[in-house]
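Once you scroll down, you'll see the structures, which are given as structure tokens.
Look at the two complexes coming up: subunit A is in both, with subunit B in one and subunit C in the other.
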Partner chain A sequence: MIRSIHFWLLPMLIVFLAVYGTIGWNFIISLTDFQGITLPAYEVSNFDLEMYTQLIEDSTFWRALRNTVILMVLFPLACLSVGIFLAIIVDQKIRFENTFRIIYLLPFSLSFVVTAKFWLWMYNPEIGVINSILGYFGLDFLALNWLAPEYRLWAVMIALVWQFSGYAMIIYLAGLRRIPTTQYEAAKSDGANSLTVYLRIIIPQLRASTVSAAIVLIVFTLKAFDFLYAMFRSFPGPTADILATMMYREAFESANWAYGATIAMVLFLLALVIVVPYLYTEYRRGAL
Partner chain B sequence: MVDDSNHPSRRRIIKYGGYAGVSSILGLAGCSGDDTGDGSGGEDGGDGNSGGDGGDGGNETTTGEGGSEELTLIHHWSRGADGEAMAQFLSGFEDGSGISVSEETPSGQGGANVRTIVRQRLLNENAPGSWQGLGGLDQIEFATALKDIESDVWEPEGAKEAYYEGAQEAAQLDGEYKQVPTNLHRINSLYYNTNILDEAGVDPDSISTIDDLTAAFDQIASETDATPFAKSISEPWTMLATWESLFLSIAGLEKFRQFTDGDVASVESEVRETFELIQQYSEHFPNDANSIAWPEAAARVGNGDAAFYHNGDFAVGVLLGIDGFEFGDDWNWMTVPGTEDYFLNVMDTFVYPKNTPTPEATQAYCRWCASVEGQEILNSIKGSIPPRSDVPQDEFSGYQVEQMESIADTEAQPLTITFTHAVNPDVSSSLKEAMGTFTSNQNVDEAYTGFRDAFE
Partner chain C sequence: MSPEADTRHVLERFQEWRQRIDKRRAGLYIGLAVLAFVYLLPFEAGIMTALKSQSGYLTSSPLAPPLDSFTLGPWTEAWSALSGSFMNSLGFAVPAAILSAVLGSIAAHGLTNIDWKYQNLLFLLFVAGIFLPYQSVLVPLTRFWNAVDLHAILANLGPINVWTLPYMRDHYATILELIFTHTAYGIPIATLLFRSFYQELSTEMVEAARIDGATPTSVYTNIILPLSKPIFIVVFIYQFTSIWNGLLISLIVAGVGPAAPITVEVNKLAIAGEIPTYNTMMAGAFITAIPTLLIYIFFGDRFAQGVRGYG
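So, the complex of A and B:
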């Protein structure tokens, strides 16, 4: 290890300073009362948990946390469901498989700003294509004011699922291709129908794909700021406000640096809650 | 064949490269450690900002005397009429002073990113020559870093005599002249499509009270297919602008100021009444009010889809930009009923940072901002009106001339809440958040509590 130090020390220091150094610095700021253009006194005697206390008493925080958790749970579930469905379809050796794969994956390659503006237009209840299409098929009763407060978070979720299900599909497709065909054939020869084959044999073997895709998708929800900002700017309303937008407002609009840093620490802890058990499990399985 | 024997191996290159890299990183870490040390002295840095002339001297790195300085200017007027006006304005300054201007123009609505950059530069003790802000308390967080320019800028330019009272109020922070307003926009104006009002049988001259306006909306809804009131509610600030205009009408100037002073409890009934009125008016908003931005809402008046529109008069640019849609014939304006005597102000300002490295250029620029000639160039192209009362009207459009005459007749020019003139950005941000919540749930009790708590 020592002999190879010149290979790993530089990247390690860069990562340490750029990532963990800034996380540590952010934590220190959250212990101060840094606000505006007056630098705080970085002395241990001045550090306290006042910002954390303030955060606990802030109803906006609890609302944003609730929306963040809803997004964290439901968005990955929906995305994985659509992803596995698409992967199974594409895995049927259909014609133009590559074309379909590209079509499904394409939204993932688009910028969030583009997709947010695109969906903002599609959701318009007067001139948007969603309500127009529903109207064309006589389904006017389904035409909603999609961005009304009561539907807003769901509207965001649908748009995100559209963008990310292609990614889930690719992960699942790779998982499906690793399963030996002999297992399909053996199950079929035992009289299992297709549904049983997928439910009992195939899907249980996609655990690793599910976990890795889920982790990426959940962590993304913690950073869904770009999408919401492009759609609604910094305040998407109480029904769609998430911690990332709240943090932006506090830090960059109100210059409440310490309070913004405190919200960032909560986001960081949420990310750890997701990532650490995954890493630990993988470590126990010998996959790391 | 090339003899490689004297060349270092790839492994050796990586090895020494690695050592060099590590040394650099450690060196940088060491440097940042020093910086941190300075930064904590940075409390002193803060003091330097807030106070000292010595600090000014220490940071001055003028490139020469008089006209050879280059002024670094951070502003957000880079597009459309704003961009063209600023280009002409700066060209006039450069020609007249011999000082060149280096512009930094971050994008972002309402100059939000200007503020972010300025904060960063001041924290790094790297003040620019000047920057653009909004008037009044919008710049309060920078107050200690700004120089009092009453004697260096306001008095030599005769600005204290020529500026409207509201603009003078907005120029001051903690009782000192620290900003130079360059242009005014009015918040309490309604814009309307004359053809739709004709079709509905509504005479705009007969609308003198809020009840008249409410009746006009109802009549337009029943007599035409047009949307009575084109509002976008996707961004809380546009709703807050409407709220404050209606609140001024309902509460009057004295209570408006009680509110901006933070005494919300004393005007509770008027605050609630204004929310209830907005609740009532929201029935006349477009069905897609939460999907459209304010320029689209304004354009609907121009397209004949909506009768009335409300926002600051920077929105007039949308109407002026519609071909064949003529001011006076096809559209016109009126003050929000009950606010005829007031010019609810929003303005842009420029400032003189104490620690600017180019004090002479900054002073010359601030004087240009305060001058008759500078304001004539900027405002005539931009579509706003000058904060000075003595700027000739010849170069201004018909709409602008009407506004210039109108402001001269007003009793007072109160400062806007929405654009953080009358309240500080923190309070304004909380008010917008409460307004965003109100547009979502229409809960007057929660909205009132949110407004009251915004000042705490």
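So, the complex of A and C:
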């Protein structure tokens, strides 16, 4: 007899219906032709992969997929690099360590929406913060139109690194503090300089921190819709369009429900490809 | 002390001090300070701009304090545009955070002390829900709340129509939908945070109680729950912050109508490509951020604890 069933049964039912049941439902919708204001017809005889073939032929989809993948790869990399750098300099037994840590993590407490508003003001080409500062130092030639189509994806990435690098720092700091200090000292007494100590001894031991932070950051990228919507509404233009914004447009602005559900399946599969191997190894390792 | 000895003393102290802060140390602190400046820059520019009149921010540097153009006008303007949605957001974020924490706690307890072969696997399926891209449930979610008319259900539930009662507004039905939706999608992360806390609790007490014949329920109410206060705070803070900050689900469930959350309404103040009034927009951004900033300032450690538990 399972003695704890009355504890997990209700939460389990909710989670299974809200997550797995709903994804299944979404998949079924993606097999229909559901659009407009008519109710979807769930007739098995009418199920087909028409929406998927339509998707493969849609150049908007491929552009959005490309931008999504760029963001998924480069944003976590940038965030982790900045985060590990912050963690290392904060971990030097400095004074006011708490203050610095609080400052670097501060943006992470903000909403994507608020970050977008801040950076709209940072990036404003005429009177915005960045270009004013550049002008002050006589560096006007660097003052670009940051939100112009050709820089847009990079501008988005910089703002997101500002917001999330503090998170990576916190994860790395926890990892650094787990490494016994005798290791630093042993390495230093061997005459290794601190850069070598970090590259050869410390950073390889942060693998677990890196993996878990990377997974979370990649998943955040899949949710970056909030940020793009708050900056550009649902159409950030072809150079910064991602699957999340495309899905919203198709389903909720054009009422192409089945097509939107199909894009959503691609997003779901992307998440699956990343998360399943991670969770599987964690599970096998007994870490869950 | 002779003046000579005095000078020597000061010089010695100075030498000591110089040795203590060598050049690398100084470089480190300069680096830390420059980075702190960069991280605070958007906040600083935002506050300064929100305190300036329109002509003020158009003509002065974004970092300069408001001197002759000081005004609180942007704040009152932004507040009058956002106050309703601010209350809406509070109205669903607080109950949903509490509910998902409670459900997460009981689920975590049920899944911590293993008495069944597949319990770990079940927990794995809970955790996988954390990583769900919301897009993949949005269309069915809309269908669901279309089919389940909460407003009508509540109207016919009791002997009297609840919507005719004083102080009841029709859009509270949508707020309820938001509460249910956010609770459901908050359970996985809440369960994860509670479970890692419960695993670290001393198992001795729990084992002893079990040997004495205590049921899981009495273990929970007598031992686990009284020890759970700190983790409840962590989870509540985490959930409240992410529900308050979230846009997508709230946008889909509530839309731009009377139940719209603040993260939706604040977008009406400006987006790229339109000509915004930056002072009002920045004031609106701060108003949107106030609850989470306050939590961060007063409960920073707990916030960081929740963040670490996520990874």
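The rule is simple: the second predicted complex is superposed on the first by the 285 of 288 C-alpha atoms of A that agree within 3 Å, B and C clash if a C-alpha of one lies under 4 Å from a C-alpha of the other, contacts with A are read in each partner's own complex, and residues count from 1 in each chain.
Everything below uses one rule, namely that contacts are C-beta pairs under 8 Å (C-beta built on N, C-alpha and C of every residue); 3 or more make two chains touch, one makes a residue touch a chain.
A quick note: this is a predicted structure, and the numbers were derived from the prediction, not measured.
In the superposed model, A:G128 lies in contact with both subunit B and subunit C.
When the two structures are aligned on the shared chain, A:V273 is found in touch with neither subunit B nor subunit C. Within the superposed three-chain model, A:T38 lies in touch with subunit B and out of touch with subunit C [touch as defined at top].
Once chain A of one complex is fitted onto chain A of the other, the partner contacts of A:T239 are limited to subunit B, with no touch recorded for subunit C.
Of the two partner chains placed by superposition, A:L199 touches none, neither subunit B nor subunit C. Legend: residue contacts after superposition of the two complexes on their common chain; A:T60 is shown touching subunit B, with no touch to subunit C.
Applying the stated contact rule after C-alpha superposition, one finds that A:I29 touches subunit C and leaves subunit B untouched. Note on subunit A: of its two partners subunit C and subunit B, the one contacting more of its residues is C.
Of the two partner chains placed by superposition, only subunit C is touched by A:I94; subunit B is not. By the touch criterion defined above, A:A186 reaches neither subunit B nor subunit C.
For the contact definition in use here, the residues of subunit A common to its subunit B contact set and its subunit C contact set are 5-7, 9-10, 14, 17, 120-121, 124, 127-128, 147, 232-233, 252. For subunit A in complex with subunit B, the residues that touch the partner chain are 5-7, 9-10, 13-14, 17, 36-39, 41-43, 60, 120-121, 123-128, 145-149, 232-233, 235, 237-239, 249, 252-256. Of all the residues in subunit C, the ones that touch subunit A in their complex are 28-29, 31-32, 35-36, 38-43, 45-46, 49, 57-58, 61-63, 103-104, 106-107, 109-111, 113, 115-116, 119-144, 181, 183-185, 187-188, 191, 215-217, 220, 241, 244-248, 251-252, 263, 266-267, 269-273, 276, 278, 281-282, 284-286, 288-289, 292-293, 295-296, 300, 303-304, 307-308, 310-311.
Note for the complex: subunit A touches subunit C at residues 2-12, 14-20, 22-23, 25-26, 29, 40, 86, 89-90, 92, 94, 100, 102-114, 117-122, 124, 127-129, 132-133, 136, 147, 162, 166-167, 170-171, 174, 209, 212-213, 215-216, 219, 222-223, 225-226, 229-233, 243-244, 247-248, 251-252, 257, 260-261, 263-265, 267-268, 270-271, 274-276, 279, 283, 288.
Subunit B contributes residues 14-16, 18-19, 21-22, 25-26, 28-29, 36, 39-40, 42-43, 45-46, 49, 109, 112, 115-116, 119, 122-123, 141-142, 144-145, 234-236, 286-288, 290-292, 425-426, 429, 432-433, 436-437, 439-441 to its touches with subunit A in the complex.
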